[in-house]
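The same chain A turns up in both complexes below, where it pairs with chain B and then with chain C.
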Partner chain A sequence: MRRGVGVSGLHAQQQHKAAYEQAGAALNAELTASMKVQMEQFQHNLESFAVKHKKDIQNNAVFRAKFHAMCLTVGVDPLVSSKGVWASTLGVGDYYYELAVRTAEICITTRVLNGGILDVEECRQRLKRKRFTFTEDISHDDVLRAVEKLKVLQGGFRLVQLDKKTVIQSMPVELSRDQVTAMQLCEDNGILLKSKLASKTGWKKERVDAAVKFLLDYEMCWLDLQYAGGEPAYWILGLVKGAAAQDVT
Partner chain B sequence: MVSLAPGGAPQMQTGERVLAQLHDVRMYEKDKDKAKVAGALHVTNHRLVFKAGGAAHASAVSGAEIAAVNDKSSMVSARLEVVWKDARGAVRFELAHKKERTACMDAMKSLVTGKEWTKIPTATAVATGTSQATHTANRQVAAPTQTAPGQAPTQAPTRVQPQPQQAKPTTAVGVAAVIQREKAKDSARQATLDSSFGDLDALISGAAELVSVAQKLQAALARDELHAAEMSPTELALRNQQNEDLGRVLQDLGIESPVAVVSKGIKRSKYHEQLARELAQFLPGVLERIGGVATSVDAYCLYIRARSSIELVAPDDFRAACKLFEPLALPLRNVTLSDNVAAIECSSAAEPSAQRLLALAKQKGSISPMDLVRESTMPISLALKQLEQAEQLGRLCRDEHLDHGTRFYPNLFMTSY
Partner chain C sequence: MATSAFHFPAFHAFPPSYTRQPVRATREKQVSLWCDLMLAFCKHRGDFWVDMAEITQSELFVNAAINRRMKGEDVVFLFDELVNRGDAQWDVQGAGKTRCLVFWRSPAEWGDLVYTYIDRTGQNNSVMTLYELRCSDMTKGEPFHNLDLDLMLLALQSLELANKAAIFEGAKSDQLGVKFL
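After this line comes the complex of A and B, so read on.
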C-alpha cells in the first residue's frame, strides 16, 4: 500500500489516530462497565457464600488454608485491607489481625528468654492455650500467615526456615548463613555444642566461635557450663520444646 | 421426564408459571464446553425445564436442588452457571443473546429464592411424576457429555457421581455401633467439606474473571497515561472516573499489583486519613508511658488491643495511615531505627521519657542501651533511640569507651544548674 505524502497524508494519519483513540476509549468504557457488573455479581456471590460458609472459614483450618491458596492463585490478597470485600463480608481479616497481634505479643514477652527466636509450633501451642475471640482452631499455616502480615509493619518480624522447623524471628537482626546452619544442627532439642558444629560442618574454630558468639551476644542462646560431658553447651531456648510455655512476664 | 404440550412446550403443573423462556440455549457441564446440547430453556417458579432440540420429552430440575446461580458471562458470550446442592458440580447454560442474560438471571434467582416449589401439593407432584422426572432430568443435565450435540439426552448417563454414604438406621450396640456412627459422621463431614470446596471453586473462579477484566482495564489506562497531555478535559474527567472505579475494585478485591499502588493510594486516603487522626488521638498518651517512641508492631498491638476486637485494622492499613502523620501535620512522626525497624515517635512524649531515663541514670549511676533493653524488653535500636533523644534534650550525656561501650550519664550541667 502506498504511503500517503503531503497534506493529505497528514490528514489521513490524524484521522487514523483519532479513530484509534475513539476505539480505545470505547473499549475502556466497555471494560469499566463490564468490571462494574462483574463486581456487583461477585459481591452478591460472596454474600451468598458468606451466609453458607462464614463459620467454616473461621472454624475449619483446612477450608481456610484452601481458601487462601485459591486466592493466591488468582492474585488477590483477602487480608490486605480491613475495608476490602473479603474482610468485611467473610470476616477473615479480624481472625488474622487478632492472631497477628497475639503472635506478636507472645514473641515480645518471650523475647527476654529466647532472644526473639521462637518455633512456630511452640507459638501455636501457646496460642491455643489462650482464649481466642474468633476461633480456637489455629493451624501452623495460620500462624505463618499472621507473621507474614506483620512483616508490612517493618518491625523486624520474619520467618526463618530451618531443616524441619520454621521459626519466628522477632529481633531485627540479620542472621547469616552460619548462624542459621548452627540453629539447623540443633533444631531437634535446642542444644548446640561447638564440637558438634565443627565436626558436622567442617568449619575452623574461628568460624564456629563467631557463629556461636553472635547467638550469645544477641541472647538467642544461653551458655551452660555444667552440661554433661564437661563441654559448654549453648541452649537455644526458642527451639527447646515447652520453653515458651513458661510465663516470663 | 416432562411431557410436551401439542405446541411443543413443556406441560406445566398446577400453580406453575413460566418466568423466562429462552431458545437456542446451549447446555454443557462445567469444564466440558465442547460437549454442548442445544435446546430451549424454560425457567418457571418451580423448576428449570430444558428441552433439547428434536427431543420428544423435556428434562426438569426442581428449584429445591439448586444451590446457587452464578453469572459466568464474558465479553463475548452470556453464560449462567447452576450449581447443584449435592456433590455433582454444576451445569452451564450459554445464551444465544447477551441481552437475555439479565432476564434469565433474574428468573433463576426468583426461582431459587422464591421457594415456590414447596407450595406444590404432594399429591399433584406425585400425580404428575415430578420427583421422578426431576431425578431423570437432573442426571441428564449433570452428564450432558454422554449425548451428541443436538441430540436429546434421553439415555441415562453411565457416569453417576457417588452419593455420600448414608448412615443406615441400626439397632446395633457396643463398639460396632460406635464405629458405625463415627464413620457416618465422618462421611457426612467429608460431604459437607466437598460441597464447601465446590462453592469456593465457584466463588474464586468469579473472582478470577473479575481480576482478569480489572487487569485489562489497568493496562489500557496505563497506556492512556502516556497520552494524558493530549487529552481534552472531558476525556481526562472520564479517565479519572475510570481510574477511580478501577481503584475501588482493586482495593475491595485486594489485588496485588505494583501498578495498583498509585490508584489504591488515591482511593484509600479518606479511610487512612480517618485512621491517622484516630491514631493521633490514641497514641500520644500511650507513648508517653512507654518512652515516647514505639516500634510500629508495638503501636499496632496496643491499638488493636484498645479496639477490643471490634472491627480490627489490617497491618497494611495501619502502615498506610502512619505514612499520613507528616502530611496531615499530626503530633506523631515516623522514624526508622538504626536496624531499619519502623517506629513511631511522639514529640510531646519526649520530655517525660527523658525525665524517666534521667531518674534511672541517677539511680544506677549510668545506663547503657542494654540496661534499658533488660528494663523494658525492647529492641536495642529502640533503647538507643530513646537514650539519644534524652541526650538531645540535654538530660543525659554519653561516654563512649572501648572497655564498656557507650554509657549515658546524667547531664549535670543541664539538670543541676
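After this line comes the complex of A and C, so read on.
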C-alpha cells in the first residue's frame, strides 16, 4: 500500500480529518438528542410513577427512601423543588416542610431543659406521637432530611454525629472535639462521669473539667450529686433514653 | 380531701432534679419547675400550712423509685423561692423557717371567691363572724369552706383594701367579724 506522503498525501489526510470530525459531530448531536428524549421520557415516567405511588411515598418510609435514592441518581431533587410538579402533584416537598417545622418545634420546646441537644431517635419518637398530617411512619432518614432543611434557616440547627447516635443540635454553639468526645462516651445512657472520661481518653484533669464545664455552662447537662457510687454524675438530658423530663409540660 | 393519687410531672423522676444546679440559668428553670409542682402538690392535698420537716419526708421530695431525695436545706431554699415569687409566706411567729403558708390560690383570689358567694346569696351589708364564714353549714360546699384562718384573714384584708369589706375586732381572732359592702 502506498503511504500518503508528499503534498497530495497531506491534503488527503486533512480531508479525512475533516470528514471524521463531521461524522463525529453528527453522531454527538444524535446522541445528545436521543439522550434528551430519553431523559424527558424518564422524567415523565418518574412523574407519573410518583403520582401513581403518591400514597406510598407519603406513608411508607422505606418506599420513600428508595424513591429519593432513585431521584438522586438522575439528578432530580423532589425535596428542593418548592414549586412545579414535585411539590404540587406529589406533595413530597410539603411532607418535609411539615416534618421540618414539627422537628423545629420539638427541638425548641425541649431545649429549655436539654440545652439544645436531642437524640434523633428521641425526636422521631416525639414526632410519631405528634401524629402530623401525612403519616405516623417516620424514619430516621426522614428526620435527618428534615434537619438538613432547617439548616437553611440558619437558626443553628445542625446534626452532630456520635459513634452510634446522631443528635440534633438546635443552639448556635460550636462544639469542640473534646465536647463531642465526652458525649460519645456516654451516648448509651447520657450519664457522664469524669473518672470514665479521664480513663477512656487519658486526658489530664484540667481537660476533663473543661469539657464538662462547657456542657454544664451551656445547659446541655445537669449535675447529680446522689448518683450511685458517690461520684458526681452529669446527665446529658438529650441522650437519656426516653427522657420525658425534657417535656416541660 | 385528696383521695386520688397525685400525678407527678416527668422531671420528678429525673435524678438531677434533686441536686441544686450549679449553673444559674439551669437552676432558675429547676426552681421554676419545683415551685409549680409544690403549689400543685399542696393544692392536691388541700394544704395551707406546710411543715418543713413533714414535707421533706413526703413523696413530693422523696422519690424512692429512683433513690433520690431533696436535702432539707434545699427544701427550705425552694420554699424561700416560692415566697420570693409571692406564692407563699413564712410563719413569722414560728422559730425560723419551719412553717410556710402556701398560696396555691392567692389571698386576693380567695377574697374574690368569698365575695362572689356573698354577692350571690345577697348577704351584702350583713355582718358575719369569721367562724361562720369558714365553718358553718351555710358555706358548706363553697371552695373556701374550712379555709385556714390565717389565709381567710389575708383574703378579707385584700377585700378590705378594695373597699369590699370591713373587719371588726373580736376577743379572739376567730371571733373577728366582717361586714361585706
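Everything below uses one rule, namely that the second predicted complex is superposed on the first by the 194 of 249 C-alpha atoms of A that agree within 3 Å, B and C clash if a C-alpha of one lies under 4 Å from a C-alpha of the other, contacts with A are read in each partner's own complex, and residues count from 1 in each chain.
Note that in this section a residue touches a chain if its C-beta (ideal position, glycine included) is under 8 Å from a C-beta of that chain, and two chains touch if they have at least 3 such contacts.
Values in this document were obtained by computation on a predicted structure and should not be read as measured data.
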Query raised in the report: Where does A:24 make contact in the superposed view: on chain B (first), on chain C (second), on both, or on neither?
Result: first
Query raised in the report: Given the touch rule stated above, what does A:126 touch, chain B (first), chain C (second), both, or neither?
Result: neither
**Report entry** Larger contact residue set on chain A - chain B or chain C
**Finding:** B
Query raised in the report: Is A:112 in contact with chain B, with chain C, with both, or with neither (first, second, both, neither)?
Result: both
Report task. Could you say whether A:64 touches chain B, chain C, both of them, or neither, answering first, second, both or neither? Result -> neither
Query raised in the report: After superposition on the shared chain, which partner residues are touched by A:34: those of chain B (first), chain C (second), both, or neither?
Result: first
Query raised in the report: For A:223, is the partner it touches chain B (first), chain C (second), both, or none of the two (neither)?
Result: second
Requested in this report: In the overlay, answer first, second, both or neither for which of chain B and chain C A:172 touches.
Outcome: first
Query raised in the report: For chain A, which residues belong to both interfaces, chain B and chain C?
Result: 112
**Report entry** Parts of chain B lying in touch with chain A, wherever the complex brings them together
**Finding:** 68, 70-71, 75, 193, 196-197, 199-204, 206-211, 213-214, 216-217, 220-221, 223-224, 227, 235, 238-239, 242, 245-246, 249, 251-257, 268, 271, 295-298, 300-301, 304-305, 309, 311-319, 337, 339-342, 374, 377, 379, 381
Report task. Using the touch rule from the top, collect the residues of chain C that touch chain A in their complex. Result -> 10-11, 13-19, 21-23, 25-26, 29, 33, 67-69
Query raised in the report: Of all residues in chain A, which touch chain C in the complex?
Result: 112-113, 216-217, 219, 222-228, 233, 235, 237, 240, 243-248
Query raised in the report: Can you list the residues on chain A that touch chain B in the complex?
Result: 21, 24-25, 27-32, 34-36, 38-39, 41-42, 45-46, 48-49, 52-53, 56, 60, 62-63, 66-67, 70-71, 73-87, 93-94, 97-98, 100-101, 104-105, 108-109, 111-112, 133-134, 149-150, 152-157, 171-173, 249
